[in-house]
Amino acid sequence: MLGLEKKDFTLLLIVTVMVIFAPFVLNPFPEGTAMAQMFNAGYPDLMQRFAIFGILVIGFNILFGLTGYLSFGHAAFLGAGSYAAVWMFKLLGYDIIPAILLSIAVSGLFSLAVGYVSLRRSGIYFSILTLALAQMMFNMAYSVLGNPSSSYNLTNGETGLQVYNSDPQVLLSATDPNFPHLFGLSMRSETHLLVGNWDFTLNAGYYLSGLFLLLAFYISIRIFRSPFGLMLRAVKSNQQRLNYTGLNTRPYTLMAFVISGMYAGLAGGLLACMDPLAGAERMHWTASGEIVIMSILGGIGTLIGPILGAGFNEYFKNILSKINDSILHEWLSFLPDGFEDIMVTLIHPFVGKGWHLTLGLLFMMVIIFLPGGLVEGGQRIGKLFRRKKADTPSDETPVE
Amino acid sequence: MSKSILTRRNVLQTGAAAGAGLALPTILTAGSHSGYTNAPTGSTVTLGFNVPQTGAYADEGADELRAYMLAVEHLNGEGDGGMLSTFSSKTLEGNGILGKKVEYVTGDTQTKSDAARASAKSMIEKDGAVMITGGSSSGVAIAVQGLCQEAGVIFMAGLTHSNDTTGKDKKANGFRHFFNGYMSAAALAPVLQARYGSDRNAYHLTADYTWGWTQEESIAAATEAMGWNTVNKVRTPLKATDFSSYIAPVLNSGADILVLNHYGGNMVNSLTNAVQFGLRDKVVNNKNFEIIVPLYSRLMAKGAGANVKGIFGSTNWHWSLQDEGSKAFVKSFGTKYGFPPSQAAHTVYCQTLLYADACNRAGTFNPCGVGEALEGFEFDGLGNGKTLYRADDHQCFKDVLVVKGKENPTSEFDLLEIVEVTPMEQVKYAPDHPMFAGGDLGACNPGA
Amino acid sequence: MGILEVKGVNKRFGGLQALGDVNLSVQEQTVHAIIGPNGAGKSTLLNCLVGKLIPDTGSVMFDGQSVLGRTPYEINQMGISRVFQTPEIFGDLTVMENMMIPCFAKRDGSFSMTAFAAVRNQKDIIEHAMHALEDMNMADKRHMHSASLSRGDKRRLEIGMCLAQEPRLLLLDEPTAGMARADTNNTIDLLKQIRDTRDITIAIIEHDMHVVFSLAERITVLAQGTPLVEETPENIKGHPKVREAYLGEAQV
Amino acid sequence: MDAIILQILNGLDKGSAYALIALGLTLIFGTLGVVNFAHGALFVIGAFCAVTLNRIFSISFETTDPTKVDFLGNPATIKTTYLEHWFGAGPAAWMTDWSVPLAILMAIPVMLLVGVIMERGLIKHFYKRPHADQILVTFGLAIVLQEIIKFFYGANPIQTAPPDVFIGTMDLGVWLGFEANAIAYPYWRMVYFLFSTVIIGGVFAFLQFTTFGMVVRAGMADRETVGLLGIDIDKRFTITFAIAATVAGLAGVMYTPITPPTYDIGVELLVLSFVVVVVGGMGSLPGAVLAGFLLGIVESFASMNEVKNILPGIDQIIVYLMAIIVILVRPRGLMGRKGVMED
């Protein structure tokens, strides 16, 4: 169905169900409880991030997962997409369609230029080239191109590009919401579903991002299963053999680079649609590093890995950074007094302001013990249960 | 559907009767509700403290967080009450705000506008925070202020010194207690003139981002007005650590004053390098070469060590102030944590009290009501003398401290000495001053 | 006129003359071996033929067209396939996928943007690849991860991949180097079968005389970067110049 | 002219820090074949050795002085350092004054230990993994190390002064015939430059004149052959890594008086030092040193007003620009061999 074989279609179906029911699944605890306070994740901002960073990492995976080219500057395309979208808001108005189209186009162009230059080299040279080019873009966006008193204020520097009332917004009509919208449906409009003590938020922006995530996921499956995808995997496996088999690797890698750049542009555009402000920091090379971390956490070169990795990273970042000592005490209050204090002291370095440390450690653990990321972890667990079943290989290679 | 933001708490409030007891799901749309974002329903009210917990300003963020927790204690009637007793408005009685116990959630801005907005959004959308406060840089303050305006909650800015926060980027839902670049310049200029004369050649080194630019503009304008000549204005990259290649050209530039429009790590490094290169021992044009750091922070001054001695700057507040409010605050903060509070801690403590008091006086948490209560509010007893929250731009006007690095510190906290307390009138400016023009406060937004 | 004409090729690396005035003519549908002691310039010559190196002077013509200045993939598309000394295959892919890649290269050329077609719907490619695998007697291994194949099977796969492109010239770079005797004999048999059943020209660089004399119809002996003799195997065996070049090597 | 000479001096000074980091990075890459993204963190650990020693020297006991009051109005506590208590005021003052140079003595064993633990505990397991994995795991390690430092020392810069005799500037200009104070350069920066030349010289001498060094050099030229010689490669890898860590650490120790260290400088330095390594040529030790100095000087010139007026913002991107140009035009770098890491 949809040009997919059964197994892939099932996967797409599972992701679709996940997207539709995320607002429910992510809010397992009833309102007002301490558990809800900490672990519920079913609120619009975070769910939007799950979807948007999912798109970003799916795109990154087409480059890094398939071809093995490790880009350390991918966040720059995300930023370029966001800037493009906010400029559309400023010039045309809050309609998201032109914004998203332009953000994809702009990032596509940027990635074409960056890819054309950096793909002349491979291995660590490629990584450093992408890092250097992206850092140049970041530095220019942060200061030189962001000075409000200069005539070329493209990015509004440190504060971030945002929409002012004095902006032209030529297509803005009186009935339009004063927020990014799709045909008048504000990205912020919500419906609340109250069941008992549970409150589930159904947010327009999230479902739009979710729709794009599904589209992005579908396209990525098609690419994985296409001859083009096969060539990309061949690039990763043995570039020399590919060259001596009459195939020109450069346009393949460049196409992969541009496609993943456009994914990043889409993600950047969507970020701006959900929150119309584009800050330069989202282009910094450590932000690119975070994309790498997400794709590794999920499982490189797998279909579902990017979505898992992005979700995992965003969830824990959000939860860990918000745990403070008073919350710890509340949680551990069932312990005897002295013991409670010791536990709080022990956990303290890893939460709140220490969330970087926890994620860093987690990331190292995954690379050392679980190079295939969460997907490999899942497979290992799955194997434990499926030991007795005979292995019947299918006609196509599984890529998961 | 309405375009307003709606969050869980206020929906629960209206939906509770219809939905909570029933097994059947109830569907609510945003349009079915009126009121304001995150109206507190139970016996508690939640405030969102959004401070840098990671990144270069993490230490300042930590100090802000300490002050917030102290303020919450005092509002809830615990501890010694701090400035509650010295504050000229007497609505705060230690029974929370409007009788509701104050609770709080914390978030990490990472000193990045994106991350700060994400964390503020999560506190508004998930935790039902009715007010967001904090931050340790102007970029973050402006970004979060914009978000709060859209979301319909009040933003009480923390440490933000750029003119733009209450100038070009001012918002009806945002309020700033901290002073700004213009006020620093206005307070410093007369002191500098008195000490260094009016025939001086100043060389500016400026951090190449929004705050640096506005401060450079303010200081250059104020010093030029008193007769100083600006030799050069040089931008330095934000990530620079070694400033030697920017300092070296100063040596033979003919300048006899170096203005460091740097903050945080930049300030520590550029000042250290400037002293290293012997600038302070130089005599140019028959005058002693002098360095000025327009915005001082004690936490940062500590990083610069002995290099700050004798160097002039301005600060919003300092723990050695001897008015009753400051003394009360230093006492309760010092007793609890063992060291005196920073200016960042002071400003966020005041902001929390001011917000709580405004709610009490307005009789509501509705941002429009709170905003109205804060606009044009005059108060005293919070450490900076008589203070006015101006209605036109939501900027606080109060005395500004001109300080210099202490020559003989008696303790590790005793780094700055107050040279002069510049009265409010002297640092005041018209709301439509060119440096602040172009902004639009807009109407207050109560959200849902 | 041979299918491959090498004329006056020189190549220097710094002070070292790797190739000195090499002339070589490989006739269509023959097996032509290039032998020589270590350091004779065999590999350098091969690299000049496939585009990895560019000679300082001279010309290399394939079927009337110059290959000089062309990249390896262009030269491959002209009809020259290369088998490496150590088998170069796509280790991360299955045997079937390995075989499909040359089939795609044959059908679609050096690049085609086929991101939305599904591999499993490419019936012609699958059929082509299956045939190629059957020719190599590897059809039953098509689901295996190619990295887990035995050395001999990797060699078969690589040769099979080259043949799947139906090249006009097959270049083999010491195809039995490092192989056990049994594997070597299998490879010889395979190559013999290819020689006898296909319309193909084979140029083989080899160290092992057993392989050379089993297969070759013409032999060029290279020493110190220059061809010494070009003869039939029978005439090479007792050639004095060859003995001189291979002094001390027992096989001759 | 004086401006140019000053910038050359600045460049040499910055360059010596880059060179020291890049030297270790190259040594590790050349011998172990590992791309170490945590190398910047080693510099930071070194820097915080100096901070720590300073703190150790100021560990003190408290006595109450009823005649004075503290900021809360309570009787002031007077702190006396144990150092002063044990050694007397004079030696204690001297040791505190010289704490940065003295920290070298502390940093050497600490850095050797850190190096050994890192190599044995982590890097060793990545020799056979792809470069991408090495980059990523050391990237993770860099984050972890920097966060640990932040946990103990906070995020603000920490000042550690050089010994008093090195405070101030030296008038180099008069020697060169300039007027007085035209070219005045800080003593400590000159000390740093000399120090790094000594270390660089030491490393080269070690590699040139010891058997161990010979094996390392041979390994850098041809790893497989050395592996076949039956030399205990494992042990040598560990020692090489520890030496590289120590070089980076010492660079950090001596740098503390130049700019007060913060926990996150490692990240900035890391990107820089990779650029240095690439410009110098992957795996070339002299290349790393040369490129370090060259990049320092280029960076200094790019910050000059005369240059910035023509190309605004050039000082922000010059380093990256250099890297891009070198990789594209001459991927083997200034002095690298062809083919290293080119696949």
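Chains: A, B, C and D, in written order; residue numbering restarts at 1 for each.
We take it that a contact is a pair of C-beta atoms (placed from the backbone, for glycine too) under 8 Å apart; a residue touches a chain by one contact, two chains touch by 3 or more.
These numbers were taken from a predicted model, which means no experiment stands behind them.
J.: Count how many hops through touching chains it takes, at the least, to reach chain D starting from chain B.
T.: Steps on the shortest route: 1.
J.: A-B versus A-D: which has more C-beta pairs touching?
T.: Output for the comparison: A-B.
J.: How far is the middle of chain A from the middle of chain D, if each middle is the mean of its Cα atoms, in Å?
T.: 35
J.: Could you tell me the distance, in whole angstrom, between the mean C-alpha positions of chain B and chain C?
T.: 74
J.: Between chain A and chain B, tell me the centre distance in angstrom, where each centre is the average of that chain's C-alpha atoms.
T.: Between these chains, centre-to-centre, one finds 33 Å.
J.: Take the average of all CA coordinates in chain C, do the same for chain D, and state the distance between these two points in whole angstrom.
T.: Roughly 51 Å separates the two chain centres.
J.: Return the residues of chain B touching two or more other chains; collapse runs of consecutive numbers into ranges.
T.: As it turns out, chain B has residues touching two or more other chains at 54, 58, 62, 208, 235, 237.
J.: Residues of chain D touching 2+ other chains?
T.: Where chain D meets two or more other chains at a single residue, that happens at 313, 316.
J.: Note the residues in chain A that touch 2 or more other chains, in rising order.
T.: Only 139, 143-144, 356 qualify.
J.: If we use the touch criterion from the header, which chain pairs count as touching?
T.: A-B, A-C, A-D, B-D
J.: Could you list, by residue number, the parts of chain C that touch chain A in their complex?
T.: Contacts found on chain C: 50, 71-73, 76-77, 81-82, 84, 88-94, 96-97, 100-102, 104-106, 108-120, 122, 125, 143, 161, 165.
J.: Within the complex, which stretch of chain A touches chain B?
T.: 31-32, 37, 40, 43-46, 49, 139, 142-144, 146-149, 157-160, 162, 164-166, 177-179, 181, 185-186, 188-197, 199, 201, 204, 275, 277, 279, 281-282, 318, 321-322, 324, 326, 352-353, 355-356
J.: Going by the contact rule at the top, pick out the chain D residues touching chain B in the complex.
T.: 2-3, 6-7, 9-11, 13-14, 68, 70-73, 150, 154-159, 161, 168-169, 181-182, 184-186, 188-189, 258-260, 262, 264-265, 268, 299-300, 303-305, 308, 313, 315-316
J.: Considering the complex alone, what residue numbers of chain D touch chain A?
T.: Residues in contact with chain A: 35, 122, 125, 129, 131-133, 135-137, 139-141, 143-144, 147-148, 151, 267, 271, 274-275, 278, 282, 312-313, 316-317, 319-321, 323-324, 327-328, 331, 341-343.
J.: In their shared complex, at which residues does chain B touch chain A?
T.: Per the touch definition, chain B meets chain A at residues 1-8, 11-12, 15, 18-20, 23, 25-30, 42, 53-54, 58, 61-62, 65, 69, 105-108, 112-115, 117-119, 121-122, 125-127, 137-139, 142-143, 146-147, 150, 164, 168-169, 208-211, 213, 217, 235, 237-238, 438, 440, 442.
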